[in-house]
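Structures incoming, each one as structure tokens.
Next come two complexes built around chain A: one with chain B, the other with chain C.
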Partner chain A sequence: MALTPSVTLAGARYRYPDTERDALGPIDLTVLPGEWVGVVGPTNAGKSTLCYAIIGLAPQFFGGRLRGEVSVFGSPTASQPVNERSRRAGLLFQNPFTQLSGARERVDEEVAFGPEAHGLPQAEVEERVAEALRLTGLQDLRARHPLDLSGGQLQRLALAALLAMRPELLLLDEPTSQLDPAGSRALFDVLRGLHAAGTTIVMVEHRLEAVAALCPRVIALGEGRVLADGAPAEVFNRPEVQASAGMPAFARLAALVGKGPPLPVTFEAAVEALRG
Partner chain B sequence: MARGISLYVEGQSPLHRVHPLTKGTLTLVIIALAFIAPSLPWVLALGLIVLLLLASAGVLARFLAILAALLFPIGALLVIVQGLVNPANREVLVPLGPLSLYREGVLVGILTAARLADLIGATFLFSFTTRPADLAETLMQHGLSPRFGYVVQSVLQLIPQTLETVDRIRNAQQARGLEIRGRLDRRIRAFLPLMMPVVLSSLVATQERAMALEVRGFGLKVTRVTRYRIPDSVGQRVLRWALLLLLPLALLARLYGWR
Partner chain C sequence: MAEIVLRSVCFDYSSAVPVFREPGITLSLPQAAIALVGENGAGKTTLTKLLNGLLRPRAGSVVVAGTPVAERSVAQMAPVIGYAFQNPDDQLFERTVRDEVAFGPRVMGRPKETVQAAVDRALDLCGLAGQASTHPHDLVLAERKWVTIASALAADPPVVILDEPTLGQDWAGRERLHALVRALGGQGRLVLVVTHDIDFVAQACDWTVVLSRGLVRYSGKTALAFADEGRIEEAGLELPAATRLARALGADPAPVGDEAFTAWYRVQPA
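Right after this comes the complex of A and B.
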């Protein structure tokens, strides 16, 4: 029996209210369960809008007009409120601070906010909070005030808050844009573990080196449309992607010294190419 | 980063562990009794109880500092005004040229100040020993809408953070040459470049927070559970009713000659 895709977009187009052109689409896209898909593209390429459309915030929160089909686990976004969709899909935003509920004074209470809102039994809430804190490495900080955490820890807390809902699909909208390298590494480590455990991840990310190293599949967006979709080495070697989204530093380095095409896009491939 | 505008002081005293409803009832009863009590000795006795409770919670010194700042100016004003103009004034205590300070008015001023001290003491007793989150949680468990409970909890934490944003933007604008000190017209001119970024960044943050809450399931029509039970007991419930019973008893006593 065929797997139900985690995400399906079929002829999907979205236009924000009071604007003259579609911010997204037309797009046809399928993400299968367990995939880790990196989404890259320049500013205004429609990366965040893609996340909003999948989770249902566009159009349910923003208004505007969605045409075509967008569904998550076979269920169209139009037929399900965002807060109900949060049972199976979560979205991590750029700014860790604005993801705090602002109503909790301890890390573990903040993580419990979502499961409590879902009306889960107390014992299950406890279990999920412990699990989410363990997955994100925040167990030792559970009694701390959220505002006492560093930026990287705060973003891991925001992720823990989502993981406590045990989402099968995680959407990440530039999750490291406000983190230092150490904070980014810690977040990527957590994501590696989640991917290994079978979580589907769609990650919008500007750090192309990280995308190339972590994501087996990359989608490059430009002006709301898919420019390229495939393995990192394939996508980042496409001239139109290089012109709009850019290319990983290793590929630029290799190009500078006259290696390729194809240009290496990961550290390991670059080392090999430079040795050769 | 600021953590909130709560006055709560961490502690392990018995009073810290008492259920917020019990402490709330105690606070309201103390305040009501302070105004029902007929004379200064009773009001002072009530104040003594409050001081003992504050001391048992380890927050007496903090309270006295606040009391000195809050009550002394108001108390002095009350004593002087009442001493000068109370209609019941008869016996001159201190002649002040064309005016006089009268004994009756001074006593009324002292009584009112003592009642205010009881009120402030009881309020701070509650605030120092009750976590705002526990209070909101208690109210939600007793029927307050979770949305309203969320507003109560978040406002307490978000106001200081908004003030920090104002500070950050003011510093940034000053670094770019904006004059915000000096003459009034200069300050008024500086207001717009200062407030516009504050308002815009607050709107953006509010929108993002609203989206993040939706994504976490906030607003679902389910029976909300909470992992943190605020410990309550039969003894505390009895105590609450006993405290409330004091009020009609005190009123009856006043009617039947409590002086």
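Right after this comes the complex of A and C.
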């Protein structure tokens, strides 16, 4: 029997209210359970909108008009309330401030918000909160007020709140944008662990070096459509992707000294290419 | 002449959240493109808010462009320091991009024509010329960041602070920012860029300040900032891509920045 895809978009198009063109689509896309997909592209390519459409916020929260099919775990998002889907799928917003409940005064209480709202037993809530704080390195800050955190700490809190829901599908909109490099490495280690355990991950990321090193599959978006879809070494060597999304730093450096094509897209491949 | 001088600056949000303890921060910064880097919670944003009086030190003094900050209100510092916040939504409140960018020079009482010209120039530099009449909240995060940057530039201040300007920026946005930061530094301004984007630092900034756990660990030329790997690790940083690649290929000392990398690679024996 064929696997039910985690995400299916078929002829999907979405337009925000009071706008004159589709922010997304038409787009066809299937993400299978356990895949780790990087999403790249310039500003306004539709990367965040893709996340909103998959989680159902577009159109359930933003309004506007969705046409075609968007399904998560085989159920069309249009007919499924967002809170029902939030048991199995979670979105990390680009601006972590958006994610705060605004109702909790301690970091650990904020992390407990989701599991409590879904009525999980207290012992399980506590276990999940402890795990999420450990994974995001926030144990020492658990008693802080969320509004006393720095930008990067807030981003880790938003992720912890999401991980406490133990979602099967993680949508991450620039998860490292405010993290320091050590924090980014730690986050990517967490994601590697989740990926190995079978979590499906869709990750919007501007650090193309990270996408090239981590994601077996990359989707490049441009003007709401799929420009390229494939392995990083293939996608980042496409001229139209290089012209819009740019290229990983190691590919840029290799090109500067006259290597390629094809350009190496990871650190290891660049060391190899430049030694030769 | 140093454009920013901090002497023994101590600051705490509360006794539970100390940031700069005794003996405090002492730091002199030249007119240049300067990067402020360090781990999350190191005190980077706090430091910048002490420069324009949004926060006041518990002890010590801050002098910016010859002005003792303690004697001035935040509003009086506005012509001296342009400030683009980390989270644009903390800053934006006008109905159009043009009004937002004009706000600073307008409340400073500058003549209408001067304001108009300054706003046009700032919008142009920030790639917003086509969006002057748009509501800021109809823009995506990366564009809202550009509105805060244009607002910081509109009053033509000698000191510009950009807190995480690369946030959400795509490749073209980073290139624009890179050119802008270099140009501001070249005009004899001090532009202080708070960032985690180490490649951006290597490319765009001549001077780097490494702040870690409330202490200045390094302040000097960017070209030498990444020589001490222990310090880099301690501050939660990483090597710029070009430096890391050159090191793996045997460079010692390793070049910083694309130009230095290319120059170094060209003279390698094949």
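By our rule, the second predicted complex is superposed on the first by the 268 of 276 C-alpha atoms of A that agree within 3 Å, B and C clash if a C-alpha of one lies under 4 Å from a C-alpha of the other, contacts with A are read in each partner's own complex, and residues count from 1 in each chain.
The rule is short, and it goes like this: contacts are C-beta pairs under 8 Å (C-beta built on N, C-alpha and C of every residue); 3 or more make two chains touch, one makes a residue touch a chain.
Not measured: the values here are computed from a predicted model.
Engineer: Once both complexes are superposed via chain A, do chain B and chain C end up clashing or fitting?
Structural biologist: Superposition result for chain B and chain C: clash.
Engineer: According to the stated criteria, A:G102 is in contact with first (chain B), second (chain C), both, or neither; which is it?
Structural biologist: Once the two structures are laid over each other on A, A:G102 reaches chain B alone.
Engineer: By the touch definition at the top of the document, which applies to A:N83: first (chain B), second (chain C), both, or neither?
Structural biologist: Touch partner of A:N83: chain B, not chain C.
Engineer: Is A:A249 touching the first partner chain B, the second partner chain C, both, or neither of them?
Structural biologist: Second partner only.
Engineer: Is A:A161 touching anything from chain B or chain C once the two structures are fitted on A? First, second, both or neither.
Structural biologist: First partner only, chain B.
Engineer: Return first, second, both or neither, reflecting whether A:R192 touches chain B, chain C, both chains, or no partner chain.
Structural biologist: neither
Engineer: So, A:Q122: does it touch chain B (first), chain C (second), both, or neither?
Structural biologist: first
Engineer: Once the structures are superposed on A, label A:R134 by its partner contacts, choosing first (chain B), second (chain C), both or neither.
Structural biologist: In the superposition, A:R134 touches no partner, neither chain B nor chain C.
Engineer: Between chain B and chain C, which residues of chain A are contacted by each of them?
Structural biologist: 95, 97, 148
Engineer: Per the contact definition, I'd like the list of chain C residues that touch chain A in the complex.
Structural biologist: 13, 17, 38-41, 45, 86-87, 89, 140-143, 164, 167-174, 196, 198-199, 233, 236-238, 241-242, 244-245, 248-249, 258, 261-262, 265-266
Engineer: Quick check on the complex: what are the chain A residues that touch chain B?
Structural biologist: Where chain A meets chain B, its residues are 55, 57, 61, 82-84, 86-87, 90-91, 93, 95, 97-105, 109, 112-114, 116-122, 125-126, 129, 145, 147-148, 158, 161-162, 165.
Engineer: Across the complex, what residues on chain A touch chain C?
Structural biologist: Counting only chain A, the residues touching chain C are 41-44, 48, 94-95, 97, 144, 148-153, 156, 174, 177-185, 206, 208-209, 244-247, 249-250, 252-253, 256-257, 267, 270-271, 274-275.
Engineer: In the complex, go through chain B and note every residue touching chain A.
Structural biologist: Result: residues 1-4, 131-133, 136, 146, 150, 153-154, 157-158, 161, 205, 208-220, 222-228 of chain B touch chain A.
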